[in-house]
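Below is one structure; the comments refer to it alone.
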Amino acid sequence: MMLVNYIGAVLLLATGFYVMMTKENIIKIVIGMGIIDYGLNLIIVSIGFNEGGTAPIFTMSELKPGMYFVDPVPQALTLTSIVIGACVTAMALTLCIKLYEEYGTLNSSHIRRLRG
Amino acid sequence: MIQHFPILSIMVLFLGAFLVVLVGRSRIARTAVVSAAVLTSFALMVALIKPVMIDGQIISYWMGNWAPVSGYAIGIGIEVDALSLFFGLLVSLAVMLSGFYSFKYITQDDSPDLFFTLYLMLAGGVMGIVLSGDLFNIFVMLEVMTFAAVALTAFRSWNPNAREAAFKYLVVGSLGSTFVLLGTALVYGQCHTLNLAQISGLLSVNGINPTMTFAFALLFTGFGVKAFMTPFHPIAADAHAAAPSSVSVLISGVFTKTGVYGIIRVSYFLFKSMGMSSMQTGLVFIGCVSMFVCVTMALNQHDFKRLLAFHSISQIGYILTSLGLCSAIGIAGGLYHAINHTLFKGLLFLTAGAVLYATGTTKLEKLGGLARRMPQTAALFMVGAFSISGIPPFNGFVSKWMIYQAAYEKAAETGSIGYAFVTVIAVVTSVLTLASFVKVGQSVFFGELPVELENVKETPLSMRIPMWIMAALCLLTGVLPGLMQQYIINPAVRATLDYKGYIDAMMGEGYAAAHLADTVPLAEAKYTFAGAWDPAFWLVLFVIVLLGVTVAMMIGKSGRGAATAIADDKHDTFFGGEKNTFSQVGGGDLFWGFKYNFRRYLNVMGNAHSGVVNDYVTWGVIDLALIIVYCFIFM
Amino acid sequence: MKLLMNLVYILIFPGLLFSSVFGLWLAGIDRKILARMQKRVGPPVMQPTYDFFKLMGKETIIPDNAARSTFLLAPYIGLASLIVTVLFIPIAGIQAFGGVADIVVILYLLTIPSLAIMFGGSASGSPFAGVGVSRTMVAIMSYELPLILIMLAVGRLAGRGFDMGITFSLEKIAQYQAANGPNLFCWSMIPAAVAMLFVIPCEVGAQPFDVGEAETEICEGPLVEYSGTPLAIFKLSHAIKMFVMTLLFTALFLGGISTGMLWLDVVIVLGICAVVTLVCMTLAHAITARLKVEQMFRLFWTVIAGLALLSLILVWIGI
Amino acid sequence: MKNTDNSDLIVKCLADKFLPLSLVLGLYVILHGNISPGGGFQGGVLVSSAVLLLYLAYGYKGAAATISGKILHKGEAFGAICYIVFAMLGIFYGFNFCRNVLFSRGEIGDIWSSGTIALMNYAVGLKVLTGVGFLLMLVIGLLAADPAEKAPDASEGGELK
């Protein structure tokens, strides 16, 4: 079952890299960055998953012998990673707006004043 | 008490950052808060020198007292050994000096409170990385640092290049963060812990399986992006040039060091891959390519700060090369060069900032003759230029010497002539570095003064003091290498090579012995240092000679010298009898013979730095792919 | 006592006085023999010395465009660093500062005089100087690659006998030559020695490679605005540099010659220096014209570097 | 996006009804963050969505009239400072940074049972509430149709996070 997750994550990553490498619209590049983030989050969550585990929140009364739960650390990591991803996106989009104001285009092959 | 120092020195920066938001509108309050924050941070780091560097203590600190339970680290750890402290000192010093410089420098911009918020966030992020003992925390701090750096790059929005540079930087930088995070996730999947010490122990027990090889390649490349190693260097050039100078100091002197620190931690400490000769070759190769490509790019630049930016990566190439040599003297040389790089590159960026502050431009073609208007800045620039070119007795010479010696000793040790060429490339790079600073000197500080710069004034005192401190440190680290080695470098080198203490301090006594078995290939490396030299000795000599000669000459020419007061044809510049016109030789006019012979190479390189962000991403991904393939074949 | 000894080293032998006198003498010989090769009588051997003292007495003119302190200080820094360099090179077994001598130090110290000329010229504010600075720098770039290759080759050859397998120390190189005969008589060193013979005039800025000072094109380049004492110091530095470079050649390739008598050893070394000067500077001066900048650069990075590289490879495979 | 400024009655009414709801829900999540799923971050985001509701209903002008960006900005810094100070309480009580102190009051499951964890959680709530709120303000400020309507410091949007 986890295999599907991993395949999906790798596909997402590959898509993201593909988008970032080939798409000239800088908004699409930002989208590519987002897709990579999703792929990463999927991988991290999948790593912490235990088949049949419960949520890692319980009180003493609910605890029964033989019970186990999914690893909470990756979930925390995912949360952090999502937040960071959101910030990256927000910031990148802000810069996109600013770039558009300045260059009048979103095409990355025209936004190349700094070269050589 | 001292175990609280590391966390306090991180938190005081963040606290300062948020306080600046609250009170930062007033200039005095802002200055007070920022000074207090950076000074406290630096003082706390200095206070740790005695216990950590000299007594060899290792500070381990669990946030919220979450100590390991039955051999599993469950909390977030802060751990400071000599290596961490080494980088911590470096960072806090640069942050302090650059911060003092910024007070005046940033008055030309609006909203300085936001500047200092971001500045302190950047500093705190970097401190967090180098002092942290937790892989994921390192990632989070890496992101904090990257955001702050990107925002600061875009800070001067009147600079037309700032936004473009910031965007590219963000895209490629987040690529690097992605690699780091993916590597961290894979490591977690394997070891079920994020604590560096425990990962190091567990990886030795489990051995390196393909997943871990993959993770290594990812982490290595990710930190490589932060160090701006070669395929990622164009963004560094953009960002350094667009950011305010005091931020360039941080990006080049501090930000890149986190990448170096990460590479040391990953390859020496976590995966212990540096024992393998293939990995050494790989890192040395990357370092050599970085230093040569970037220095030739720098020769071709027309902007003071962009030129400095390329040099910055070139020097990082030196550091990576010498770290890749994996001998004690190599690591010592690399770490020494890390200090020196922070100092002289900081100094150079600050002088560039001074020029920008005074004249409003950093274009080499528009400047000239500033040495007459800004004599102190020119002198400081020359100190920086001599340091970076490795002219004795300044500090660059000492570390470069160690690097040459390390590379050539490695060649003799392995019997491979390839390492001899590393020495050759390093020397040639050093000469090219000198060349490009001669170019800057000729174009900016000497030659003829353009008419529009007639009214330029020397920078204010509060900006010059940090520069003088840096220049003094450049000289001191150059003439007192013995002290530096004894108290700063050697402990750090020892910590790099012998990390059992680090693991034990974190995970409890005996953990390392139980997990590392007895095969630690790195710890057996010899502690041989180039001990047979003493620059302090011949600095004194140099000074004596200089004084003697000068005195002799001054006596010889007493009674003359006031002649310049008289306006006279003979004080004009010689033009072969024709009327004197403005004819500054500088910028792109220089080094024609070199450029002509290298024209094809320079063309290719110029086209390769295309400025299209997709290209940069593509190179990054290709580089990652190559590193992964290399690791799978040779690791 | 040690201080006194050091002062003697610095000021008299092999420092300021000795190297100045001998450097100027070497320059005089160079001019004299050159004249004879061109069927002229030529100036007396002491002529450079007379020139030096005459220039010392002339007025120092500082152009209005110049950055004063750099302009005035540059010559002295160049001279001081040359004298420091001399102290590191063993002369007939005498080394003022043994143990710290190292070819990397010398490599870097040797750039300082050129750097002094460049920054001094640059500070004069003349466009001729600007062009000269650019060319001088290209000359430095040209010779540095062969020079480091030569030094590595020698370091490997001499270092084989020691535990690290390499050495950067001139002292050890001298010891090795004292034990095994001069390096020049080793087959693998001959290409390196030839390359070194090309490097010397380039470093000194002598005839075929004097692109930086080309009088006919850019009016002595960096020195165009210099006059009086600073110019005298530069001329003196030039002479001492000749001496230092030939001395370096001796130390690297013809060291270790010992007859047991110190004064005879010194005389032999000086003789070798004169011969080397004759071969690589006077002869070249008489029979060649100045190369173009890009030709010079190409020559050094292909042919000369190739020779040095050949030597390095030969040493490395153990011939 | 332009026509959201004069949106119709239904949106306004619904926004009026849902605004208190979202605020209460968000504050509930923040307040119970220490003892139940969710927490300062999630609650903070919920609360700050109020900005978007305001924007949908009343446009940028309405939102800006109600919410002061400056206060949000300062509030964010204040939240962060509170977090650090609460975390430092651990040091003052003789433990490590971030150590939970002042706990074991009341029964497990009560809001006040968890010591400084709760306080730190509220600090995070404050920070996220104000931070995301300010971020949204800036974004809608950038999207505002009339240039005159733009937030005065909209150009600083890049430097917030």
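In order of appearance the chains are A, B, C and D, and numbering begins at 1 in each one.
The working rule: a residue touches a chain if its C-beta (ideal position, glycine included) is under 8 Å from a C-beta of that chain, and two chains touch if they have at least 3 such contacts.
Here the structure is a predicted model, which is why all the values come from computation and not from measurement.
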**Message:** If I average the CA coordinates per chain, which chain comes out farthest from subunit C?
**Reply:** D
**Prompt:** Which chains share more C-beta contacts than any other pair?
**Reply:** B-C
**Request:** Please report how many Å separate the Cα centroid of subunit C from that of subunit D, as a whole number.
**Result:** 72
**Item:** Separation of mean Cα positions, subunit B and subunit A [Å, integer]
**Value:** 30
**Message:** Taking the mean of the CA coordinates per chain, how far is subunit A from subunit C in Å?
**Reply:** 62
**Asked** If you average the CA atoms of subunit A and of subunit D, how many Å lie between those two points?
**Response** 23
**Fill in**
Where subunit B touches two or more other chains at once, the residues are 147, 150-151, 154, 157, 166
**Prompt:** At which residue positions does subunit A touch at least two other chains?
**Reply:** 87, 91, 95, 98
**Request:** Indicate the residues of subunit D shared as contacts by at least two other chains.
**Result:** 155, 158, 161
**Prompt:** Can you name every pair of chains that touch?
**Reply:** A-B, A-D, B-C, B-D
**Complete:** Note: in the complex, subunit B contacts subunit D through residues 3-4, 7-8, 11, 14-15, 18-19, 21-22, 61-65, 76, 111, 114, 117-118, 147, 150-152, 154-155, 157, 166
**Asked** How about subunit A: which of its residues touch subunit B in the complex?
**Response** 13, 17, 20-24, 26, 29, 33, 36-37, 40, 43-44, 47, 71, 73-74, 77, 80-81, 84, 87-88, 91-92, 95-96, 98-99, 102-103, 108-109, 111-116
**Message:** Considering only the defined contacts, which subunit C positions touch subunit B in the complex?
**Reply:** 6-7, 10-11, 15-16, 56, 59-70, 73, 76-77, 79-81, 83-84, 87, 97, 99-100, 102, 104-105, 107-109, 111-112, 115, 118-119, 122-131, 133-135, 137-138, 140-142, 144-145, 148-149, 152, 155-156, 159, 164-166, 168-169, 211, 219, 224-225, 228-229, 233, 292-294, 296-298, 301, 312-313, 316
**Of subunit B, residues touching subunit C in the complex** = 369, 371-372, 375, 378, 382, 386, 390-392, 397, 401, 404-405, 408-409, 411-413, 417, 420, 423-424, 427-428, 431-432, 434-435, 438-439, 441-442, 445-449, 532-534, 537-538, 541-542, 544-546, 548-550, 553, 556-557, 560-561, 563-564, 570-574, 576, 583-586, 589-594, 596-597
**Prompt:** Can you name the residues of subunit A that touch subunit D in the complex?
**Reply:** 57, 59, 79, 83, 87, 90-91, 94-95, 97-98
